[in-house]
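Shared between the two complexes below is chain A, which has chain B as its partner in the first and chain C in the second.
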Partner chain A sequence: MLSAILMFSGLGAAFGLLLGYAATRFRVDSDPVVDQIDSLLPQTQCGQCGFAGCHPYAEAMANGDADINQCPPGGEATIQALADLLGRDPKPLNPEHGEEKPKLVALIDEKTCIGCTLCIQACPVDAILGAAKQMHTVIESECTGCELCIEPCPVDCIDMVEVEQSLDTWQWPYPSTGSSIVSDAA
Partner chain B sequence: MDADDTIPVEVAYATPAHQLILSLVVPVGACIEDAIKQSGILQRFPEIEMDHALRVGVFGKLAKLNSPLRAGDRVEIYRPLIADPKEVRRQRAAEGKRMGKGGGKSGSQEGVSG
Partner chain C sequence: MSRSDPPLWRFHGGLKLSGHKSESTGLPVTEPPLPQRLILPLQQHIGRPAEPCVSVGTRVLKGQLLAAADGYISASLHAPTSGLVESIEMRPIPHPSGLSAPSVVLRSDGEDQWIDGLTDQDSAPLDAIALRHRVRAAGIVGLGGAAFPAAVKLNPGPQRILEQLILNGAECEPYISCDDMLMRERAADILSGAGLLCRALGVARCLIGIEDNKPEALAALEAALAASPNPGVEVRRVPTIYPTGGEKQLIRVLTGKEVPAHGIPAEIGIVCHNVGTALAVHEAMTLGRPLISRYITVTGQGVATPRNLEVRFGTPVSELVAACGGYTERADRLIIGGPMMGFALATDEVPVVKGSNCILVASNQELPQPGPVMPCIRCGACTEVCPAGLLPQQLYWYARARDFDKVQDYSVFDCIECGCCATVCPSRIPLVQYYRYAKTAIWAQEREKEKADLARQRHQFRLERQDREKNERAARMSKKRAALEVSDTGSDSKKAAIEAALARARAKKAGVRSDASSTAAPESARIPETADDRARTEKP
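Take a look at the complex of A and B:
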């Protein structure tokens, strides 16, 4: 009986010390709020919010320099999630930054592509495979639909198309965030 | 193999219908050809022929088959162009469309068809 008490007290003390040591030794220096906000953003890196990418926008929100309704790809669901996280009131998407639309991916017209690499340089997520004077191809699974490749193309050979759903591309739908934005729907 | 002796790389090939990115680890000092052979992508896409006409590269930059790899590189296997760039430019000039960086803006207003 006594040995069991001693053994478990000893184990408890040992693990307590281990956890205490780990908490100081592996302390996270980055601001956890920024990472939490960033994880709610769609990671399209499209820049429609007015910042260079999703992480800079998350930093600006954490500092109070940006509002929560500047992300068109995320749309209503993202605004609701950000409002919940930051304890603010949800509001409709700011139309200055664009409108919410279904996810599209870029498709390159192979008969027109001249292999200029301008779209590759514009792509923030390396979703275009190609090199100078070689065929450029969009990797559908990497494309976030940010449309940044469309404007640089000198021969207008990039179109945005809907993703065809197949067994390979099917994904779990995003969880709903519960309530929707009432003022927008009215 | 020890983790210090290997580097992670990717091998990618893409057609409009199918795109494939394979992740693998190769020994330090491996070249592009080694990675392509090790990845097994040649078996998945029989149309890729490993000869001198094959153009490969890393992240949008053409490279030789015997170029050494660095950790995190994405080896890309390219396909040739279908259009002749000179011909496309000539056609667009004849249609009076602006060429060069940012040409998409004027083009989209004119309603270009692919």
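Take a look at the complex of A and C:
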């Protein structure tokens, strides 16, 4: 009897120490839930959700301070993915934060640009190239379409343009399900 | 060729379709008249588009390089005739999207003059690497339809041990007969190409698989083989079941081996090439000619004289139809490729490219418009015919629900889009459309994910940089404040500063009078002050 008690206490202590050591040795610095949420967000860094970027929004969601329907660039697909991850019910996008739009990128009218660098400072992903009193230009492949550069521009020379479809980005359309069939439309 | 029938295997599913081959095999192959303008898209292959190496206004000769392969998985493009490069611009291409792509527009000068120096190559037998390089330089791609650069397939990597080459002459899709005609008319050259491919791959054995609905092609190849015997090469008659011409299906039929899911045939020691590719390799090696033309079937009830043509790449489809007597009254739909795997063209002004094998001008009777789509009744007919052994019904449900994880769990990327499932579906569900949709949607998602990861990385870097700048500024400020405090503690700090300034002025005056050695001291003394000034101007 006593030996059994001793043995199990010993085992408990040993495993406790082992787990304690593992917890410090293999410590995960960031919250895995926040990272999981963050990986579902579109990384536009536009701040339309009311937070200063995608990661802060992910933190707020993980803490329960923000709802899952505040990301207009992600739209319905992101809300669905977040609902799946967090085990919540999907809900429509909150119109207070904006509406879902086709993918856009910023385009600087290089003739009008005065080289003030205000847009460079506003860009959350350093996608604008230029220097003071030099013409600026947008690196299209890095632009997330956040529109944060539009407002600070004093000469209004930045436009948001739709990304042109190419052979590489073309997709087969979703087949029409034949709306005449009642049971199929359900 | 031994008459005792060697063993053949069966692949799962498949369909027996009516061939409709004889319509276009009655006449010998001819060349259509040389068109005035050839439109040559820079991307006629899988991989990166070729990089143009001619400019507008350049006069080029037949066989001259127009655009060079850009990277390993890419293919060069050569001038199909002599003439003038009229423009390099966006032109509609044969693609289901109907989009335009950058193309070289070549105006023919009618002389059709070959470039010099094609044939004076050394006649010594080339080793595998030299063969591969020449295949690459000739711009040869798989002519079965996928247009994958052939040189890449000839380089399976050192870790893979190859056993045999399979030449695909099955041509299983109805209406298409270009490979049939090619085997009838160019059998000896195909065998020569097969030998070269074997040498490039380092294999001794080659199987040529031909469906038994092409007796003339079988006879021609057997006769050619009898004329120049090669113990390693065998011609095999395979049963006519659609889609035997699929790479994995033909390998299964001829060898009994299964290519692993998501894998390539080289993993099981086999490389498969189309008979047309073998001919192109023969032409490149023996005549030095790059790939500039191919056999194309023009057929269907919508053309007056269905037949096969040897067509230069870049010829508009309209010219092909004209060369076959033009459209008939029954012409209803213009399809590039066959009735099972082809796609409809919106206009006949698009050019034919390396991967084009058939122009089908179908009548309404040949390819009736599909009726209304009905709900799935779960009959399972699609599963029975799927040659890839997939579960088309499950794929359909998940693709319809846009559940892309599940679609991939059910191996949507192993679907060869042969169309068997959709053909047998009693509810006329466009199953293949769903799978194509799912595949491109998954690729789009992956692209977006990559872009999001890049944006996250850049944003994090920016935050770190801003943080670092803030810290550096704070450190500078505190240092300066400390320096000010130290000087303030002295009782006559202002007096001391004035004294110091006077001393400096005196030193400077002395420096001006005396030689360079005495100026060194005041110069160095001034440096901290200017550094201090700089810090002040940077203060926000």
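Everything that follows uses one rule, which is that the second predicted complex is superposed on the first by the 140 of 186 C-alpha atoms of A that agree within 3 Å, B and C clash if a C-alpha of one lies under 4 Å from a C-alpha of the other, contacts with A are read in each partner's own complex, and residues count from 1 in each chain.
Convention: a residue touches a chain if its C-beta (ideal position, glycine included) is under 8 Å from a C-beta of that chain, and two chains touch if they have at least 3 such contacts.
This is a predicted model, so every value here is computed, not measured.
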Just to be sure I read the superposition right, which of the two partners does A:P173 touch: chain B = first, chain C = second, or both, or neither?
second
Q.
Taking the superposition on A as described, I'd like to know which of chain B and chain C A:D109 touches: first, second, both or neither.
A. first
Of chain B and chain C, the partner touching more residues of chain A is B
Partner chain(s) touched by A:Q45 [first = chain B, second = chain C, both, neither]: second
Q. Does chain B (first) or chain C (second) touch A:D35, or do both, or does neither?
A. neither
Q) First (chain B), second (chain C), both or neither: which does A:D65 touch? A) neither
*asked:* By the touch definition at the top of the document, which applies to A:T117: first (chain B), second (chain C), both, or neither?
replied: first
Item checked: Contacts of A:E162 with chain B and chain C, given as first, second, both or neither -> neither
* Look at A:D126 in the shared chain and tell me whether it touches chain B only, chain C only, both, or neither; answer first, second, both or neither. => both
Shared chain A footprint, chain B vs chain C, residue numbers 126, 142
Per the touch rule above, chain C residues touching chain A in the complex are 43, 95-97, 99, 101, 372-375, 400, 430, 433-434, 436-437, 439-441, 443-444, 447-448, 451-456, 458-459, 461-463
Counting only contacts in the complex, chain A reaches chain C at residues 38, 41-45, 53-55, 124-127, 142, 144, 165-167, 169-175, 177-178, 180-181, 183-184
Listed in rising order, the residues of chain A that touch chain B in the complex are 107-118, 120-121, 126, 128-135, 137-142, 150-159
Within their complex, chain B touches chain A through residues 12-16, 19, 21, 55, 57, 59-62, 74, 76, 78-83, 85, 88-89, 92, 99-105, 107-108, 112, 114
